[in-house]
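Pasting the structures in now, so scroll down.
First chain A sits with chain B, and in the next complex the same chain sits with chain C.
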Partner chain A sequence: MAYHVQNIMLVASGLSKSYAGKVALHPLNLRIEPGEIFCLLGANGAGKTTTINLFLNFIAPTAGKATIGGLDVTKEPLASKRLLAYIPEQVMLYKNLTGLENLEYFTSLAGGRHTASELAGFLDEAGLARADAGKRVGAYSKGMRQKVGIAIAIAKGARALLLDEPTSGLDPKASNEFMATYDLFRAKETGTRVGIMKQGHLMATYTTSELGHSDLERIYLEHMHE
Partner chain B sequence: MKMTLLIARKEFTEMLRDGRFRGAGAIVFTLLAGALLLGWQSHREVSAQHRSAQEATRAQWLQQGKKNPHSAAHYGVYAFKPQVPLSLVDHGTDPYTGVAVWLEAHKQNEFKYRPAQDATAVQRLGELTGATVLQLLVPLLIVLLTFSAFSGERELGTLRQLFSLGVSPAELAAGKALGVAAALGVWLVPAAILGSVAIVAASGGGEVMAAAPRAGWMGLSYLLYFGAFTGVSLAVSAWAPSSRVALMVLLGFWMMNGLVAPRVAADLAKSQSPSPSAFAFAQQMQLALAKGSDGHDPGARAKALETELLKKYNVDRPEALPVNLLGVRLQDSENHGNEVFDESYGALWENFAAQNRIHQRVAWMAPGLAMRSISMGFAGTDFAQHTHFAKAAEEYRRMIQRTMNEELTHRAPKTGAPHLAGPELWNKVAPFAYTAPEAGWVAERQAPALGVVAGWFAGSILLAGWAARRIRVV
Partner chain C sequence: MLLRLMTYEWRNLSADRTPLWIALFLGLTMAYGTWNGSQWVSFQRETIEAARQEERERLEGLRREIPLVEAGERKVSAFTDPRLPSAVGRGPGARYVVMPPYGLGALAVGQSDLYPYYFKVTTGSKQTFLNNDEIENPVHLLTGRFDASFVLLYLFPLVILACSYNLVSAEKEGGTLALALSQPIALPALTMAKLLPRVGLVISMPVLLSLGLMAAGGGDLRAEGAGIRLALWVAITVAYGLFWFALAVAVNAWGRGSATNAMVLAGLWLLFVVLIPSVLNVAVKAAYPVPSRVEMIQAMRVAGDAATRQGAHLLARYLEDHPEMAPAEKGGAPDFGTLQVAVNEATERAVQPVRDRFDAQVAGQQAMVDRFRFLSPAIVAQAAFNDVAGASAGRYSHFLAQADIYHRQWRDYFVPRILRKEKLAAADVDRFPAFAYREEEWGQVAGRLGVALLGLLLPAGLVAGAGWRWLGRYPIAGS
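Right, the complex of A and B next:
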């Protein structure tokens, strides 16, 4: 990738979102450094997906701003998205196309040019069986679709990953990741830093290496019961 | 641009693999091809009938033997409106206005042979022509192909993924529009080729050259019309909160455009600019004609004419005139009648033109009305071309009357003794020849409707771009 790792940093400054007076996200200040894997923990409605949607500029912030690699996502909606890859909770694909065709479509829309064998390689890397790559996605399981989604992210070669409640593994390599999850084990295992969200507030952040799993569970439950 | 093509290709591939699209497209294609073939067949039959009837009426005229020229004038001839080859696509107003008229002395007749008179109400709704398929069913197919273009992807979740890649909404909309266009092309291009073959097959010598520019205008207008429907559909799909809402809104628009608006426009035109019933029209014309004389019985007008002539030639009795009094009187009656016809038909046609202008105004809300007008215009079956033909036929009728009356005036014995003319006179009347107006003539008259369709096309593109840029991703 042409982008230097140093530039790909996710920053939220005073980022907030309200819907008709109801606050979905209270002013959020967050800085995710290159190489970091940041896991946002919280129950449904805690504001995790709202935060991701704000970074993707799918919704307009009520106040504050989100930047990716220094680009304000509302001012550079297309360029900022070129720097990251996003994997939703459920990867959805076009059912009348094969897995390979879906991958080709998404990667070429992201501006990538790959040969057929390169594309097949990405699917291999994501763990999709060769025989399945040529089948129409209508017959795929959720997990198979997820693998195509991962292949799309790999093909894009983005240094920043946004994962919304991921359910299957991804080798982070040199990427920095911003992950929203309700899964404590995954947060502990994959994350370098964990943030706990509740009712639109980022309650606290912890470095996972300093915490044992039981610590994280205890802290999480404390926050949830407050 | 490259992205637009990528999106178009994917949309195209997906649609071709979708059984519902293949089924719906095949139905529309079959109906269109069927309508064109039926149109071609009936065009061929009707043209052949007209040709032989035209030849027969000419032969009868020439072979009517020796008789008084005024009897020949009463005997009369038929004139048939030539069928432009493109009329096989769109019958327009022909079934209502008729295509043949009897040209005789004293009268500008109404047209005859109006199939609509014999048709049942069911037939009137269900007549299958290329125009019906193109104006109603193809837009419906476009709606079904595009209503979920954006809303469906949002509901499925792929819209989030697409936009997370940094795809521009305008390019996505353009790609989808192109994809739909390509998919429709799969069915419409063969249909257009079939239609062209039918038109060429239906054309006599030289007619192809006249049909080509008309077909070009018509084809281009239909493309703009389909483009407008695609743009509106994409805009609604981007704007609607769900595919269900998008489909309901678009079906509503489709019904308003194709079924409700024509009804509303017709009722509005009738109430704003009421046209007389055929009976009232005939009665009013009869009253106006009665003010003159028919040249047969010597009324007040005939007496005055006689006095005037005697004075002019300074003689004291009709037998001493250098012209035949009956001939002059008949031509005078024709002249009076012509004034009445010009006024009556002029007023009637102006009335229809006023109704047409009301249609044109309603068309700004429903482009289907404008498309209907354009389509029958270039098919040569609209009311403007009906009157164009009617005027030419009436000119021909007047020429026959003048020729017959001049013969009587200058050749018939002044004593009032019988005068018989023969083939020499009949041959003085050239066969009726009519050339339909050129495409440019039609385009000029269809300018407001062309403006509506072009305006809707441009407006719908802007609307689709605008709606796509404001689309809610989540």
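Right, the complex of A and C next:
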């Protein structure tokens, strides 16, 4: 998971979530400054997606609150969503529509109105080939769908970006050492700050510039084996 | 924005040819249903025409016979003398009361194939014409015919549910819901954008089809009040459809998976369309059992026999009650016709309690159905559809009331003439009372249909309101 904040702040204060007594997220205090890229690392069930869902107001917090640019996401769900874009692990689109039509549809939901050439430009920027943009999404690969998802985020001009498992569709639990290392590598490469989550707790945060790659790997493994 | 989202939804629906299949399915079933209905209407018209033809020929025969008998060219007995009102009023001069099928009759057969729509009125007691020609087809009683109203009551909700049972759940399962709702739009608004094209498509189809089929010769649009009734038919169809859409939204809003939604909605369909109507049917019969027809016939026979045995005594009493009817010259044994008048009256009086009980029970049943029909929109809609098509219980009792009045007129014409031992002339045949069915006032029909419309819109609104509220709490992520 990564939060990319351009000029607004994402803040979680005492944010927690329980399902029928089972704690999915222990009270989380987190402050992501403008311009930061914050990566949350952790196995499945560590609470990363729960945190994202709380920021998207897809689930109601048990306690605490999440704010985007100062807006409480539960009180101003629509206004806060205008500020952010979300790219899920699996970008799922309407199979019967083309990539371009999907882009147009999802930007319409945001109330956006773009010309055909603008829309094509967003897809170019996201790296989808022009020839593919007119094809039905049913024939798309996962990567192509992800590019449409990125184009949707670009079209929205969002000031904060939420990415859920952007690097792979693999289950870290089932993945081997290599994949886990690969995740860490991406976190180190793209993030300005890294947080390590385990069983609903944010264990620690680090600034990547202060860490070598092997340091991050060591720290991550230490936390996982505690 | 809503309009723009709806066009995408429409494109999405069109991609797997949903509109085409719906149009094809509803088009074929509606056309077949209307054809079936119009077959029944033409059968009724032909039967009525045959009865009228038979009546014309019979009366023409009387006009021919009477002068021949008067001239002594033909020998006749007291039972067949075409000049005797007692003989003529009992059969040869009898006329039909007829309830012609309504101009929109092809839309719904209702129970019009169970109730006799024509009787022969004679001077005999009322029961004879009520029991005449009664046909009860148990299969039709159970299922009804395959007519346009059947399509709308049973199949139309299924089409609605088929294209909306997974309205929201499919989005969640397909993963598009999270992406869509990460945009600044609330779930109820998104649901509306997905719902409206379906509502437009599925509801407009049967509306256009019924209007088209009626205009294309399935109905007689010049019939009295046909315009307003057709408009109400459309309104009832729309309201009934909205109820089912509201139900689908409410079930979706619960947040269960598509498979569960399908099961729940199929169960609700069964409940509203099949179970509640059958249970109500059984309950109504248990609460207000109608005396058996055998009992009624038995009572009539016994009363008739008793009355026949004491005919002379009865006549004396009858004449005491109606001194103005007493024949001019006294003395002599009363003839058969005169006795029959008294016997009929006595029989009728003796059977009246059974008849009253029968009527009261039927009225009780109707009142109970009227009260409890609001438990199921299917019952409300069915009664309303029958009402539009002129196959309702209301129109039938309107007809029976007119037939009753006519029966009285018939007797008032013949009985004094029988008692006064008058003889009919050929010209009298044209003076026999004639029956002309008067259609119900459209205001009366519209009043009943207005109540039905409320009975559909109100539950639809309540269910939609609940669904709308539940959508606000929809579990977008997780379980």
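We take it that the second predicted complex is superposed on the first by the 204 of 226 C-alpha atoms of A that agree within 3 Å, B and C clash if a C-alpha of one lies under 4 Å from a C-alpha of the other, contacts with A are read in each partner's own complex, and residues count from 1 in each chain.
Please note the rule applied: a residue touches a chain if its C-beta (ideal position, glycine included) is under 8 Å from a C-beta of that chain, and two chains touch if they have at least 3 such contacts.
Only a predicted model underlies this, so the values are computations on that prediction, with no experimental measurement involved.
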Handout entry: Superposed partners chain B and chain C on chain A - clash or fit
Key = clash
Exercise for the section: Have a look at where A:E125 lands relative to chain B and chain C in the superposition and call it first, second, both or neither. Expected result: neither
Practice task
May I ask you to decide whether A:E33 touches chain B, chain C, both, or neither, giving the answer as first, second, both or neither?
Solution key: neither
Practice task
Identify the partner contact of A:Y19: answer first if only chain B is touched, second if only chain C is, both if each is, neither if none is.
Solution key: second
Practice task
Once the structures are superposed on A, label A:D72 by its partner contacts, choosing first (chain B), second (chain C), both or neither.
Solution key: neither
Practice task
May I ask you to decide whether A:E217 touches chain B, chain C, both, or neither, giving the answer as first, second, both or neither?
Solution key: neither
Fill in the blank from the handout: Interface residues of chain A shared by chain B and chain C, listed 53, 56, 58-59, 77-79, 81-82, 84-86, 88, 90-94, 96-97, 101, 105-106, 108-111, 149, 152, 156, 162
Fill in the blank from the handout: The answer for chain B against chain A in the complex is residues 3, 6-7, 10, 13-14, 17-18, 156-158, 160-168, 473-474
Practice task
Would you pull the chain A residues touching chain C in the complex into a rising list?
Solution key: 19, 49-50, 53, 56, 58-59, 77-79, 81-82, 84-86, 88, 90-94, 96-97, 101, 104-106, 108-111, 149, 152, 156, 162
Problem - chain A-touching residues of chain C, taken from the complex the two chains share - result: 1, 4-5, 8, 11-12, 15-16, 174-176, 178-186, 190, 475-478
Practice task
Write out the stretch or stretches of chain A touching chain B in their complex.
Solution key: 53, 56, 58-59, 77-82, 84-86, 88, 90-94, 96-97, 101, 105-106, 108-111, 136, 149, 152, 156, 162
